[in-house]
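As written, the chain order gives the labels A, B, C and D, with residue 1 at the start of each chain.
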């Protein structure tokens, strides 16, 4: 039950980093949505490694749609997507197959399953997230036909940031951040911060080390009323969606952890009328009150850990010999995965939005 | 589907703050577990308002077990628990029934459901969490019979803290923090910090305002291998569990958001042998790698917002007349709910642990 | 996870036959539906024992609504209903507590849970089904506000029948059957068959034995398009719903088992135009093709076994002494439970219809 | 949510009859199970058309395992299987694309989704069931390593039968029926009945018509205690599993519908001691009491309708012109699909058994 996410709009991903292929099955997409392989390819390319400042591994990541789309539109049947694995060189993993890499899932997969695919990250590899992005693209297309958009960008990389709070921005601001971020190799919507972060990453890379960061993803124009109290709240579901992404160690909504040092009178968002509509004067709550959307932008932040694959020597235990040893993880490593994780967070958020829009009966079973 | 949480070990809560009663149904508890109303009462009393520095509302919160327990032991049938609502004075809510309180769920319930129970928080009241605590107590008893314990305490209240990091503590330390916290009216395991925080809260209370804080909950002696990759990871499920609690705006695992400013070489926990067992030299990962438990303590932190009910005047919109207005929320308010939220977090974490121990087939269908 | 049924419209039942109370929590009912305790009481009285030709046990079965309804209408919050157990005489069960009654769940509960509530049927008692009827009443009210009705009656009792096939009846016919059945003590919509069946049951009762029968439940005016292929088909979900009722041993849709002796040309229902609408000329398919409703009446039949509680001596094994023995089950027994089971089948079918109408987004999240 | 079945052991199928491929993703299979493509191929060949007396369509149905198996054993990761569609000739469907075939899902898919894949049965084709068989094979292997076996055969075809009741057979008998059935082109474990049924089918085929039948599937050596009362009973789950198969219109457990004409004293199975173990003297209950397995063989029967594709002229409505018309369905048709459906029923039953053995914690998370 671990490889399926969502209730009415669902994705199931499968595949290991160095197996034959990876894929995603989307179930519950309404019939009648226009969809092509090209739509998905565009998003896959956004998370593709091989870009500057990320890993140099060459993946082609050509997606094929195998079912659920007929004459360019969805039929309501499950949409199966597949991406073949071409760049399969796992010999250098053979040497460390009994040596779990610190910070990776090698150890825990061994503890849980014993028999594990030690070629690369196997199932816990970042490559699995390509399936999420494929599924998320369909969710994005679906919700965008109802006016809802999901955008993401970096807030901070290795401590280099550009933005403090969220309470005074509007939808146009977030769109602008997104567009600027798409022009930055690090997805930072600020030229100075991008340059400073590039310098930082370059020096970290030379040390054989890595850095983390904070990403922000925003749902623009969300319908009010999404969220099923009391457990399946919209913020709770988003937290699960985002925390399920490898490397994410923290999630916050709206003002998040900074709320712990605020007074109620500061944090509460006054309710006002604006152009005859009920609105909030600020957005500390990040678009969610009592687990239900207010209609204001929904703001999610995620803490992303530094890539665990580093070339510095590290202590581990050889599981075959049950002896301590020191390993160096060779191969291609991202000194910073933050820009690559952002499209994955967007995907998981979009899937959650689509799922809740179906559960709230805002999206019908076919689009005409 | 919003009022049930868990897969094999499940709770369903029901009831509004000012209705006839609230309750919880626990489904999936194995047969043979010793259980009494007194067991549950003890935990309910831990979250009870009426304690110093929290609300002064008088609840009796006497729980009755209506099913699922026979001759002092569970039978495998659903355990229904009920707590009658005695202190029902909702007249002062009548005056503000069309005036959603800022920071509360009043507005979003109206947006979603239109017809809402305006007496107190209704379903979104903190009172609903008594049902969670009742269910959580059963989870705690169940997992404790397999050696697993869940403890919680405050890390910071209104900015007053006592502890920075987690990587060097062991199970004994966390137990000690818990025991010290149980002696503090604010659940802070430090006498000086407790006193400073009390002073802060007193002055905030006089202003008619409120403060938030950060709580930490730790799973001691967790079995390695809990977590169903890739979506139903243990950390993802914990995030949903904790974020579903009213007032929680952020969740982090292990080093959490601070990881974003660390290098990989600092953050990765070296794998070592200790007394012949595989252990981690530090615990930045908070007991979870790749979404699966390592066997080290699982560490969850939650950001708790300042109580939205404050007596200062606030702006809102009258939904009947569709006009802006200013309200003052009267009645009994907690200037700080952090100490009351902690047992609720513990409950949700314990339920998640129990659920995953069942899913991992560590707990059988009956205990003999 | 065994005590909850449904996806978006869900019921959770709890309680044992001789415990303090039984109950049902309904989750997912839209806000704004008018609902009173009296609505539910009417349906509960339909399944109540104490009627002629069924058991003589006296239950009062007064239902209380504890949550989810405010000022006479639902709020979208879970609706908790409770029925206190008053008539608790379990001494005569004490004598047979180690002697599982043949045909009952005594043995299997012992095999699964070991520690079991031996007072009456415990959780597997027919009394549990009162909770289902309570939940089903809400489902019936909900779907009836969208024009859908669920009706049931007996087709055969102890081999005494009155009706062969379904293919030529229309909605008016089924309504008439239902109304006639409500006037028969056995819920047979035929006076002659009722009399013959009464005579049969009387003679069976004198023998200390029991009889079974076949019930038919029909969904009138179902919306076309219900059903989620390929596993969560409408017929598959109905089968689960109905087979989950104690005493049901078979389920069929439309022509059911008789289809096995038909030719394709007989069984296929021609598609025609009637008053400008697409209709089927017959209804062998029972309103479902490919797991999806056609819009024709949905027809479900259930085989109901003879009551296992009989006063004739029966062989069993004493679980304490592990010895064979002969027992006589004393007390009040229904010689035929078919008329009492029919409202339970209706309830489970109505819940399934409501759930699928929500999943198909035909019923919105609030009714205004 | 319609294309996934199961809780802890889950299958997700995808693909249309005339699309690029079909497939199945199995999630929740424990690690360490030996598995090869050949294992799956053997079962796929059992349901393959092209055998005598079934359709003459030539499918190759070569399955590839794309993930979840490493060095010949499962890893606990999702197992993705794919079968390419080679024999794709859908031109003759073009002519009837607006003419729903009676007895098929063409009409209801149009009613629900409007935009549908009209090439063959699309998603509702029997071809989808190859994915179920692939998934079922893994379930069969898994449960067989715990001593549980699922066997099936025909009980009746077009009214030609060979067997009446189940109450006096034991595991050896069922195994023998299965072995004999595997030698019959119709899967009837009786030579005379096979010959008579062949003659019948031949004459029906000449008429351009089809026949149905009844299949029986038996779980041998089931662990006692499977089933989650009260809704997720083992018999209820089996009913859903089997009723979700195209062409199935009825399901019964044990004595099934015949129970309606029995007395309680006949139907109740006496509880006895046999070789020191608790057993039932007969098996009218079909191995299930109160929704929980007794340990006796679990017996499921399914009514299978005559193939809806017949070459006789039939009435339908042209959906484009909204006019009545007469169509003849051309192409390759099975005059009887009963023998092909049996492996599919076995697959769905095996998946259900595996799922409940996981939920009952009888099968651990890894097999060593």
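Side notes on the structure shown:
Keep this in mind: a contact is a pair of C-beta atoms (placed from the backbone, for glycine too) under 8 Å apart; a residue touches a chain by one contact, two chains touch by 3 or more.
Note that this is a predicted model, so its numbers are computed, not measured.
A count of C-beta contacts for the chain pairs C-D and B-C puts C-D on top.
On a Cα centroid basis, the chain most remote from subunit B in this structure is D. Subunit C and subunit D have CA centres that are 26 Å apart. Mean C-alpha position of subunit B lies 46 Å from that of subunit D.
If each chain is reduced to the centroid of its CA atoms, subunit B and subunit C end up 39 Å from each other. Multi-chain contact residues, meaning those touching two or more other chains, occur in subunit B at positions 1-4, 7-8, 13, 77, 109, 112, 123, 225, 229, 359-360, 365. Subunit B contributes residues 1-5, 7, 13, 100, 102-105, 107-109, 111-112, 123-124, 128, 156, 158-159, 204, 207, 209-214, 224-225, 227-233, 235-244, 246, 249-273, 276, 278, 281, 285-286, 288-295, 303-310, 312, 314-317, 319, 322-324, 359-360 to its touches with subunit A in the complex.
Interface residues of subunit B facing subunit D in the complex, by the touch rule stated above, are 7-8, 77, 225, 229, 358-361, 363-365.
Listing the residues of subunit C that touch subunit B in their complex gives 1-4, 7-8, 10, 12-16, 19-23, 25, 27-28, 31-32, 64, 66-68, 70-71, 73-80, 82, 109, 112-117, 122-123, 365-366, 368.
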